[in-house]
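Okay, so chain A shows up in both of these, paired with chain B first and chain C after.
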Partner chain A sequence: MTTWAPVEYTGVAELRGPLMVVRGTRGVGWDEYASIELESGEHRHGLVLEVDRDLAVVQVLEGTAGVRARGTRVTFTGSPLRIPVGAAWQGRVCNGRGRPLDSGPPVFGMTDAAVTGLPLNPTLREPPADPVLTGVSAIDALTTLVRGQKIALFSSGGLPHLELAAQVAAQAHTGGAPFSVVFAAMGLTHADAARVRDALEERSSAGELTLLLNLADDPVIERLLTPRLALTIAEHLAFTMGRHVLAVLADMTSYCEALREVSSARGEIPARRAYPGYLYSDLASIYERCGRVRGLPGSITVLPVLSMPAGDITHPVPDLTGYITEGQILLTRDVASYPHIDPLASLSRMMRAGVGGGRTRPEHMDLATQILAALARARQAGELAELVGERALSITDRRYLAMAEAFELRLLAQRGDESRSLEETFNRAWQVVSVLPRRELSMLDPETLDAHYREEP
Partner chain B sequence: MIATRDALAPVVDALLRRARADAETIITTAEDEAAEMIAAARREAQAVLAEARASGTAQARAYAAVEHARARRRARRVELAAQREVLEELRGRAVTAVRSLRDDPCYPRLLERLGELARQAGGGDLVVSEHSDGGVVAEGRGRRVDCTLDALAGRAVDALGGEVARLWAP
Partner chain C sequence: MGTVTRVNGPLVEVEGLAGAAMFELVGLGPHGLPGEIVSLRGDRATVQAYEYTGGLSPGHSVEHRGSPLSALLGPHLLGGVFDGLLRPLTGAGMWLDPATPVPAHSARVWRFTPLVEEGRAAGPGTAIGSVESAGSPPYLVLSPGGEVSAIRPAGIYSADAQVAVVGGAEVTLIRRRPVRQALPYVSRLESVIPFTTGQRVIDLLLPVPLGGTVAVPGGFGTGKTVLLQQIAKWCEADVVVYIGCGERGNEMADVVAELGELTDPRTGGRLGERTVVIANTSNMPMMAREASIYTGVTVAEHFRDMGYDVVVIADSTSRWAEARREFASRSGALPAEEGYPADLASALAAFYERAGRVTTLGGATGSVTIIGAVSPPGGDLTEPVTTQTERFVRALWALDRDLAYARHYPAVSWGGSFSRDADVLMAGSPDAAARRARVAGLLDEAGRLATLAELVGAATLPARERVVLLGGRLLREGFLRQSSLSLLDAFCRPGRTAMLADALLAVIERCQDLVDHGIPVASIEERDFSPVLRAKDAAEEEIMARRDTVLDDLETLR
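Take a look at the complex of A and B:
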């Protein structure tokens, strides 16, 4: 609703760091969005952190550098931040607050929605079902993404998690069903942001992608809004427009560091590793915005990407994320080939609901289980070989080692610009299991083996 | 002497035959080895060529993809910039149209009404004054309400929301 005569407050009592104290306010509420006009005519934005009688503490998103108390005017919008929603977001590149970065006009929509969102009504939730295919063999075959699922991508410094996230965002599809991607990038360097934009250009041009870029030098409080903005856009695309939406949130560790910084600025009591005590519920308020709703055709699948500081999976960010998400894809330096996915440490808990006859292939679950069991045996055989030498292993164990090698070379290793069809992934998976003798493939039924197993000499 | 030589002739012949046969074997083997080496070298050269070709093609494809992406981005930027210009044009025209209200006979009544609106929003204690560009500004202690014609025109364009997209819709 348009306010034709908004009240501007000119009583700026104090400026401290990113905070601005405004005096003489009336009817201002917590978390309210504010727009600030400087003496020079420049516009900035802020959020209300505290209200005490007629004093309002506003956190200025762009910081208070260059702001003078005299001549600054603050207008409160009367509600938490709302953004227009609709199809106009598709094909646009914006910053973490939704302002255009692509030289275009602001994004308009016929309706608007609060970025804080509302949790899905649990009684209307439908369990995740049907796959989101990524074109990445190791994910599609072994840790299939399921529509409505939240599954995290865990990585550590130096591994190409951003490249993999961009590849998944560029290639993912749901067969013929309408599909969109919302990519929220947080705390990225300019070089990384340029690479992500290049990788996603085609999808963006096709009008199937919304890209929100919050760069490393952007204000931290903007980083707190970015994933919420992305999910608000995704919710409208999914539940009003009936599209299947993949929301990629990269990198959530940057988000959590921003949360820690803002919490510290607010003077809150720090908890584990100085993150605020409400980190778990804050992360849940983001991840739980995925899902499917009874009676509505669309879905939101959330893929948060986390870089684990010093590769520590017990760090609060991956630890708490792991409690909320329904599985993880773990990248490791122990796998030499891109995409560096560790198949034995990765798991999609919803996979059974997304694969099988009519969805992917009838033998999908059995084949994935068989490959994982064989890789576990190969790992044991490899550890034994380190002690006694490969020649001392049984012929069968050596076949398991050969199978693990074939797995990495033929199924896992993939170029960053290579999109594999489901059929090609399955052909490669069958080549991998065909390295083992047929008698070892006890998890696959004989008819399936007759149809696909071709023992390698 | 001659008798001895004659007597040894079969041995010499045999030795010569064997030497020739050995030489032939060595030559044949050498020729075979050479042929094999040449074939191997050719194979290797072909493999190197094929690899170079594949790598060149992959590089060219990657380069073409990057160029293609950049070209598409440039094209999209031009399209979006045009939309932005159209919007700015609309904003400019709206301001001009609203400013022309100053020549309207009802303008004093409009100022009065805007003053009431500003006081309603910001409080009765605000002092209302006419702005040089048209419209009014109401100011008080720590508060201000901007009801200038330019500000009202801007708010009217913002209020159009999604309707604005009809300017560039096909």
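Take a look at the complex of A and C:
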């Protein structure tokens, strides 16, 4: 095959929102990567959204502000976007397109990979198993992250979901197995980004972190690339280098808004709340890149973080995310202490495969179920107490209220920089259930109770 | 040969395809990506592509395949995992790359046994041979109709080897059939036979017949997939076609792993051997998701024609509808409700209409039962896919978020669901009809009273009504709830279902009788009902003894 010098096109026919229509193109493929040189010499980048005879519609990642129809030159790379992959990404801080922000050299790798990724053959998937421990008691005890799982962090305005995501990214580990974090930040404010960088400083200098930062004032369309970049890097770390990777994607609501912006500029028929009809498939093409592969040592655990506009869980972004992910961790203002996790509305669907003897502790699943059942009963008792007064409750119900209080104070509440060992989390969990009389603990078997239950006077 | 003129994701426009037909298959570009013609104007065609079209550009050539989108049907289906176009995934690479497609069928060989002799006539659709090694049940090779002029002796043959010549036509173990057209049959059967799912709430309250259609709507987290997987594992069908249409990859991995481990209580073989899995996960190409529903039903009809009872489980039809919406929007069709194309209702109706219990061409009796999951966005049951589906199905098993949050599984809402065949199914057995009426009546009344009790407090209700509340609780906990993890409880035979219901009804009746004789209701509510509540985890012989334990205990109150 002959390699042709790239053809430069100058026929920019139309500029609209983030879109640029180039006329006179030949042989440009769909989803190809383009580089754009402005009259000023500035370089921008784009992806081909549609080709129609000699017209190519390009979405410009850095936006079209300041682009002139005349004097702009566009070249197409001849293939969908590929990036170098490899260990060189670890310890680096880059922008949303993978350009260094840390004054280091551009990232090179021995091999490259397409950022859109390819679907993993479902017959070669290994069902998720074994935990990713986060050092956050409420998560480790009740909604354990399982290697290869995707689980979302739902939050609403004013809650510290970024702090929690950064804390999880900073503390998470898989026992002694090689572990890496890829953190993709989309639409973060400078203050938030600085805090995330601080929290992850240690992990970064240990060479276990790749940080991709797309800030609130960075080009909006660039955000469409950021999570895909992160997962392409993660796939290589996991399936070629055999590492366990935690990919944190924050904030997916900002990502979806960028997608909506492009969709509306293209005049597509909108679905719910003007999000495009393909939002589900688009999100799935990101979240589904989690997993484990039969016969290979590594894993990718995906933790999308998203803020629910107006706290509405039926908003398309959390709703479609919930349909794809295998559980959610929900933050709520009703819980007064950090990390504000609502234990009853949170759920890790894969938890059973991640905990138990040889993984965490033999009694883990029963203990978690017991705590949740007790909290549910305590909530009912609490509602009743608001109507009739706490003194009118039965003695047992009052013990349940005390247990719920102990849960929040001793197990859930935690400092943002405090990492708890599994042992400490379990000690605290047993203290919490020990507030209840032993006869109420029907989900734990007698031997386990003999070993761990110490009734509080 | 045609030429690509426009590419917009899965929508490709092609010109120069003179003589092409609607729904004909084409190969796009250098990799020959499969696509299907969905509209024609002059020699210009609109094609929906079944693979990722990255890199495809105007000027690339397009090849006619000369046939509509078809599925390759054969003995390799049972126990296999396939993509939406029925290409095997077992044996394909780790990453599914459209540039390196997998072979359509493996080089495996099969043990063929002839069932007819040379020179005899074999009517169309009758079995002329069988393949025993293809999983359970036996795979039958059907006659195209005519005189058997040659048939091979029993032996080992490859899938595409000629095993017979019937009516001048060559017969191999495999055949190709268009997927968008229903396979023919002689007539639909009127009589109804219950389809046993092994889930008590369904088999007693919301039964469906073989050949029936069911929709299962439920928001996320309501246990839709777990329920469908339970049915796929334990229902009484000869063949199960499980279509994972735009759902999670990890779940598909789980289904395949579990089916491979579990034993079929009816045949002693592995459950996987009676199952065909079509896995089109949510990150696989979207338009293959649209096709997967049709390939799945075609596979089911193929086994129906052998005289088997087949159930198709499609999780989820909403993703299929969304794929259609996505394509309609790209091709500029005017949207109807919520952006869905105007033919949504007719497409749904046509899909569910492929279910039925029929007399096959060969004179056997077979059935296709369709269970379609619906994933309403935001749990909103008034959205178009849910409302349109409800019009065409014979039964609805609606999943309820409140039940799921209370960890009540299966979270089938007995009030919000329906079965239009229940009365006909129960017509032959007055006992069963009475049992169903009694359980449904109690649950209904208990539900109504519970709302009232929340306002005025249960203590203020009359004794008889408090027993109804108690009865509702006993039925919910001791009968409707069913564990998917306990081996004894995961599948409940119809006889056992009836026995459990009768045991609980007897206890409730006794309670009613006691309050009628002036026993204070509070003392009844305090009794220990756990023997009957846990009867579902007990051996069948024990159920009546457990009922008697509770009845005797209640008698001590007199």
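Keep in mind that, in the parts below, the second predicted complex is superposed on the first by the 446 of 457 C-alpha atoms of A that agree within 3 Å, B and C clash if a C-alpha of one lies under 4 Å from a C-alpha of the other, contacts with A are read in each partner's own complex, and residues count from 1 in each chain.
Keep this in mind: a residue touches a chain if its C-beta (ideal position, glycine included) is under 8 Å from a C-beta of that chain, and two chains touch if they have at least 3 such contacts.
From a predicted model like this one, the values you see are computed outputs, not experimental measurements.
Superimposing the complexes on chain A yields a three-chain arrangement in which chain B and chain C fit side by side.
Once the two complexes are laid over each other on the shared chain, residue contacts for A:Leu347 go to chain C alone; chain B is not touched.
Shared-chain residue A:Glu39: touches no atom of chain B or chain C.
By the touch criterion stated above, A:Leu120 is placed in contact with chain C alone, chain B being left untouched. In the superposition on chain A, contact is made by A:Arg53 with chain C only, not with chain B.
Look at A:Glu326: by the touch rule set out above, it reaches chain C but stays clear of chain B. Of the two partner chains placed around the shared chain by superposition, chain B is the only one that A:Gly11 touches, whereas chain C remains out of contact. Panel annotation: after superposition on the shared chain A, the angle at the CA centre of chain A between chain B and chain C (CA centres) reads 170 degrees, nearest 10.
In the superposition on chain A, the chain among chain B and chain C reaching more residues of chain A is C. Legend: residue contacts after superposition of the two complexes on their common chain; A:Gly29 is shown touching chain C, with no touch to chain B. Of all Cα pairs spanning chain B and chain C in the superposition, the closest are 16 Å apart. Note for the complex: chain C touches chain A at residues 5-9, 13, 52-59, 81, 89-90, 92-97, 220-221, 244, 246, 248-250, 252-254, 256-257, 279, 281-286, 319, 322-323, 325-326, 329, 335, 338-339, 375, 377-380, 405-406. Within the complex formed with chain B, the residues of chain A that make contact are 2-11, 23-24, 73, 84, 86, 88, 91, 100, 102-105, 108-112, 197-198, 201-202, 204-205, 417. On the chain A side of its complex with chain C, the touching residues are 26-32, 49-54, 79-80, 114, 116-128, 148-149, 239, 268-272, 277-278, 280-281, 284-285, 288-291, 293, 314-316, 319-320, 322-324, 326, 344, 347, 350, 376. Within the complex formed with chain A, the residues of chain B that make contact are 62, 65-66, 69-70, 72-73, 76-77, 80-81, 83-84, 86-87, 114, 117-118, 120-122, 141-147, 152, 155, 158-165.
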